[in-house]
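Each structure below appears as structure tokens.
Here come two complexes built around subunit A, the first alongside subunit B, the second alongside subunit C.
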Partner chain A sequence: MRSLILQTIAPVVLHLTLLFSMFLLIYGHNQPGGGFIAGLMTAVGIVLQWIAVDEEEGRRRFNWPYERIFLAGLALSTLTGVWGYIKGAYLKSSIYRFELPFIGDVELFTAFLFDVGVYGVVVGVVMCIFTNLCEEEAKDS
Partner chain B sequence: MDNTFIIVFFPFAAALIIPWFAERFRKHAAWFAMVAPVVSTWALFNLYSEWAAGGRQTFTRAIAWVPAANVEISFMVDGLSLMWGLLVAGMGALIVLYSHWYLHEHEALGRYYGFLIAFMGSMLGVVFSDHLISLFIFWELTSITSFFLIGFWSDRDASNYGATKAILITGSGGLAMLGGFLLLGDVAGEWRLSELVLMPDIASQVSLGVFLLIILGAATKSAQWPFHIWLPNAMEAPTPISAFLHSATMVKAGIYLLSRFYPILGAHPAWGYVVTGFGMTTMIAGGLLSLRAYDLKAILAYGTISQLGLIVTFLGYGGKGAIIGATLHLYNHAAAKAAMFMTVGIIDHEAGTRDVRLLGNLKKLMPKTHVLAVIAALSLIGIPPMGGFITKEMLYEVSLHPGGPGNWSWFWPYLTVFAGVFTALYHLRFLSEPYWQAAEGEAPKHPHDPPMGMLAAPAILVLLALAFGLAPGLIENAIVAPAASATLGGGAKVELHLALWHGVNLPLIMSVITMALGLALYFGFAHVKTVLDACARIWGKAPAPDRIYDGFVNWLRNGTWEILLLIQDGNLRRYMRWMFVLPTIAVLYLVWRMEWGANVFPKGFAGASFLLVVIALMIAGAALATALFRRRVPAILALGTMGYGIAGLFLLLKAPDLALTQIMVESASVVLFLLVFYYLPELKPVPSSAAKKIRDWGIAIGLGVCTTLVMAAAMNTHKFRTIADYFMRTSKPVAGFKNVVNAIIVDYRGYDTLGEITVLVIAGIAVYALMRLVGEMKCDH
Partner chain C sequence: MNAFFPMFVVLPLAVGTFLFLVRKNRALQESVSLIALLANLIFAGVLLHATADGTIFVHRMGLWPFPYAIVLAADRLAATLLFLSSSIVGACAVFARSYLTDEQRKEAFHPLLHFLLMGMQGCFITGDLFNLFVFFEVMLMSTYALLGFYYNLDQLEMAFKYTCLNLIASALFLLGVSLLYAQVGTVNMADLAVKIKLLGPTPLMVVTALVFVFVFSVKAAIFPMHLWLPSAHSISPTPISAILAGVLVKVGIYSIIRCATLIFPAAFLILQPGLILLCLLTIAMGALGTLPQTSIKRILAYSTINQLGYIAFGVALLSQAGLAAAVFYIVGHAYLKSAMLLGAGLNQKLTGTVDLEEMGGMMGKAPFASLLMLVGFLSLAGFPPFTGFFAKLFVLQAGFAQGAILATGVALGFGVISLYYNFTTYQRYAWGTGGGEVGAAGAGIYGSVAFLSAFAVIFGIGAYWLFEWAQLVAAQLTNPELYIAAMRDLG
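For the complex of A and B:
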């Protein structure tokens, strides 16, 4: 499946989707977005790119250890919960405010870290399913 | 950090990192593992001096666990838990020392030491737990860790069988015990052991069922007949594990439970009969089985079963003397039996076999090992000056005083002597067949004494047994008496003045009789064997516990398989039919019961904009098209259209988060669908009769109607006040989020999300495994 149009726009789209998914992840606490959506968007972006270039190329460029990514995501979310537990109750979110030079007030939520874990799990699982299916296809053909 | 928490939790923390070190520094793995028992022992000594300085009063230490539910982790410190703690941690250190020489460098050292130390932590948790539930949790953790330790050589079928058997039997016993705990806690209104022991009349409030459930936990763990069958199979474990779990600690957890519950349930009318009943049966059955075994470890395993039976008998017998005797015997048995297991491990290591028929004359070939084995065995037989003699005399004396359930006091001295003769007989056999007699066959390797390091651990244990006999003052009032006092409960004063020589009295005469009978039977063992074999032939026809277990497990396995085939026959259409029909029936039942009338439906559709109607129609059209397309690709695309339509609906209804998610999910699933599509067979119209078509249409329409009904009902019933205001008000200050949807996902309902991503991860792992497995299977054929 090779299409010139797809091949040309895919790299541009990839960067845009990755950028936008980061935006969704970070701004999720105040605007529409969040780890789940951002994770799906990242995964879809990579999948699109994978399909655009051919099989070999896709595997070469995106052959990341997705199993580890989703396990790490789950671990991060669970551990964030433990942090909340130390502060009172499991998964209770804590809010920290900093003042950084040049940037100004920064708020950090443990809930955000939890969301990053969710992001990791979604990206990892979707890509794990996708790469395994692709591999199977390549093996058969 | 409090000492109790260090004692219990340090091993768990260490167990997480020990594997890493053990795998990297394989030559010195044991020394990394050694840190955990050493730290626990050190904390135990601190705790002991703290307890001694506080006038030896029982105290508890607690931290909040789930404050919202008022559950806490609390530990109880008294004479009993301290004695057990020292036993477990001290033995742990010796076992690690011994393992260093026993295991080969290429084995899975990380796994071995990790689980060994985690087991030690669980066992320490069991003996220090104050709360019934945490006792249960640590109890089951010992079962789980022992499963991995027994099955350490997982490439052997016998190991896996033994591990499974152990966890099934002790695990179900543990569940019975949990049931007993829950009922007991409910009856007493108190969950802490430290409080329960102070409630005087609790035993009379507890029903027989609750009592039996708790005893069942102890009986399965301590390998009481007929649950003893897991212990011989568990001998497939590496020998240090057998020495640790199956002689010194885990099998004694049941004894601990009985000791702990003696002040609580000891006054129960059934205590004496049930506990001594278990104990005596086990003692006799274990002894007989030991005499017929040929594997050295099996001889020891059945011997252990028999000795556990003896201890349980005396716990059931009750009274001050019996409790002290049982506590002493427990201590002595732990040291001597572990040393004996270690000598067997040495023989196995150096000769390559444990079959007594292939071993012989080891007295000359392995003189040092021989000395250790002889002292340990003589201690258990009860020969002076070893510690075993003192405990034996103690038990004889107890049996002479009236006590125990019912009017059977004439019977106890005979029973105790009988137990002593048995003990002497199978331990003499343990010594004579490998060490003194000539071999019938040939051992695979030429045996010789092991390096000194390997002898160190059993030597220390043997020295302890000797020291206890020669100078019982070292531990009698420091360790044993407080433990017995705690077992008796109610602040009982226990002071011991043990000595080897009490003058010529009745217990001494009983000892002499025991020895004479034991020796007589030993020299006439050929005849004993004939009788035993004849008995075994008759008994062999009866349903032995082993056969019942195997039959039950096979029945369970086959039955499960059959039920599985019944439900999951591989026909996707049938699965779907079930999944559609059952909810339809459920909703129709609700409609009927809750009298959903016409008032469920909205009165008008005034709120619906033109655009909304258009999108709704588009979705309906796409759905119909999906069903009607005859080829897969258009069907998949139509399904995608439907999904995007729903995203449009969400946008119109001002739910941008949902819309975004829907679009993403739809894109991802269309792509995945197209990939999976490759595997699906050609979409062929299935020839089906008119009746089947009507049925399928009926199912489809029924589900559609029911879904609509549920949606309408959800929109139009206002039984509860909406929680939305609360979320809107608090999301910023509580979670720090302005986006309420996301605040719900990651904070208010964080548990749900954690559960969901866990499911997602499981699905990911399943797909990964499935695809890899399919790949491998293809390679095989």
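For the complex of A and C:
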């Protein structure tokens, strides 16, 4: 399916979606938001782009190692949880403050790392499912 | 122990992830998987020992304060079921090693097995109703994939039906949790118990309890939601069906026990007559369903329904004796049924079929295999001194003691049918005519079947010892104050 409207709008929307999903991811650990919806949003942006261009073009452009993204995310989340044991309980969040040149004070929550892991899992899984579904369709036709 | 028993969730998660990472190296994957399952079993034994004096371990994830934290809790019942699940899954993994060919055992088998274990163990130790839902999902996601593992048409059809049914159940589960949250504003089980007791059994609360009964009876295959079980247990790969019959259906029963003793005791008293009727129908459906079957795996599947009826009957009596009998039955049946399903797999390896019409005379051809099956069938039939006998005895005793004469009498009557089908099945299997040459099976197959069958014998001869433990478990369950207090103080 080719639609001129979709093709024109998709690249613009992609940037906005990615930007907003990053915002949700960074904002999320203590406020509404978080890795799950950020990951969904990123995946939706990519899927929309993929649908706008045709199948082969999409596969060429977004041929990322989704399986590895998913695994890395899962490993990161699990490890962050285990890290909490040092602080007394599984998944205990700890806060680290340090100063970076040009940026200033930075607070890093381990909860944020956990969220990044979740983000990776969601993006990876959604895109794995999507690419596999595309393949099935390609086989049928 | 308080800090470390969440390992039952974390360890399978971490190991499962690692096994995915090393999926190209089959030998490494398999050995790490087996070592992790052994560690899990040892750890479950330690926890079982630690809960024996009545301690309830509580862990707040992230150390958030009491009603807000996601809480994990391990009491005697949870520890018992953790030991059960880790030993059965371990035995099934050893069995799968020599049973499935390399082609059948795809690289995802071991990781999925660990995620399944994580889901089941999470269900047993969670103290939070919403997280029970989450762990149910983890468990189901893995089973969806494992059920259709050979990727042939039969399995995919069965897995699709199973998925659809369970998606409906999951949606209702979520609805039930929201119904409950709307009424009392919490999902922590201890907090729920206190607030629901204050509120009393309002009509809406009874309806909510009914929703949960429905959801869990899908998992536990209670009539009328038992129809998925025979095909799921007979078509799925044998090591998986052993886990399904041994542990997965028990997760449903476990959740019903938690609802009946901790969360909605008052509402369950109102629902009791209906529940007992459903249990009797389950017993009847399971017993009658076996009669026309010729495949050993299908017979075992229907017999699982039958036995689940007895277990649920014990729970539905809502008394300490009934719960003790149910716990005894759960443990006995889990080891027995998984041993028998693995035994069916052993016979499939030997003769290439699980159909009784195509095998026969196994007593002469494979004496050790038929001896193992003999133990299983005698125990299933309720023959002393095996677990099956004592399990039925305790349930029926509890029923008669409570004055439910008619219901217990009906349950006893269907015991005769189970005696009949077990004996005729074994007769055809061991002495029947037909069937060809018998092949060979690996030591891992014999070993895992013998390992699980040994429990059926040990818990039969040592029934007194197991029953004493079951009574301790039931004593803790009938005093939910202990659970609530532990969660308040530690949590």
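Rule of thumb we're sticking to: the second predicted complex is superposed on the first by the 139 of 141 C-alpha atoms of A that agree within 3 Å, B and C clash if a C-alpha of one lies under 4 Å from a C-alpha of the other, contacts with A are read in each partner's own complex, and residues count from 1 in each chain.
One rule holds in what follows: a contact is a pair of C-beta atoms (placed from the backbone, for glycine too) under 8 Å apart; a residue touches a chain by one contact, two chains touch by 3 or more.
Remember, it's a predicted structure, so these values are computed and weren't measured experimentally.
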Clash-or-fit label for the pair subunit B, subunit C on subunit A: clash
Touched partner set for A:L74, first subunit B, second subunit C, both or neither: both
First (subunit B), second (subunit C), both or neither touched by A:F109: first
Touching partner for A:I46 - first (subunit B), second (subunit C), both, neither: neither
Comparison of subunit B and subunit C by subunit A residues contacted: B
Which superposed partner A:A10 touches (first subunit B, second subunit C, both, neither): neither
Partner chain in contact with A:F130 - subunit B first, subunit C second, else both or neither: first
Which superposed partner A:V82 touches (first subunit B, second subunit C, both, neither): second
Contacts of A:L25 with subunit B and subunit C, given as first, second, both or neither: neither
Overlapping segment of subunit C (options 117-125, 207-215, 243-251 or 477-485) - the one that collides with subunit B in the superposed model: 207-215
Intersection of the subunit A residues that touch subunit B with those that touch subunit C: 71, 74, 78, 81, 88-91, 93
Of all residues in subunit C, those that touch subunit A in their complex: 3, 6, 10, 13-14, 17-18, 20-21, 59-63
Complex interface listing, subunit A residues touching subunit C: 71, 74-75, 78, 81-82, 84-85, 87-93
For the subunit B and subunit A complex, residues of the former touching the latter: 66-68, 656-657, 660-661, 664-665, 667-668, 671-672, 675-676, 678-679, 734-739, 741-743, 745-747, 750-751, 753-754, 757-758, 760-761, 763-765, 767-768, 771-772, 774-775, 778
Contact footprint of subunit B on subunit A as seen in their complex: 24, 28-37, 40-41, 43-44, 47-48, 51, 66-67, 70-71, 73-74, 77-78, 81, 88-91, 93, 95, 107, 109, 111-112, 114-115, 117-118, 121-122, 124-126, 128-130, 132-137, 139
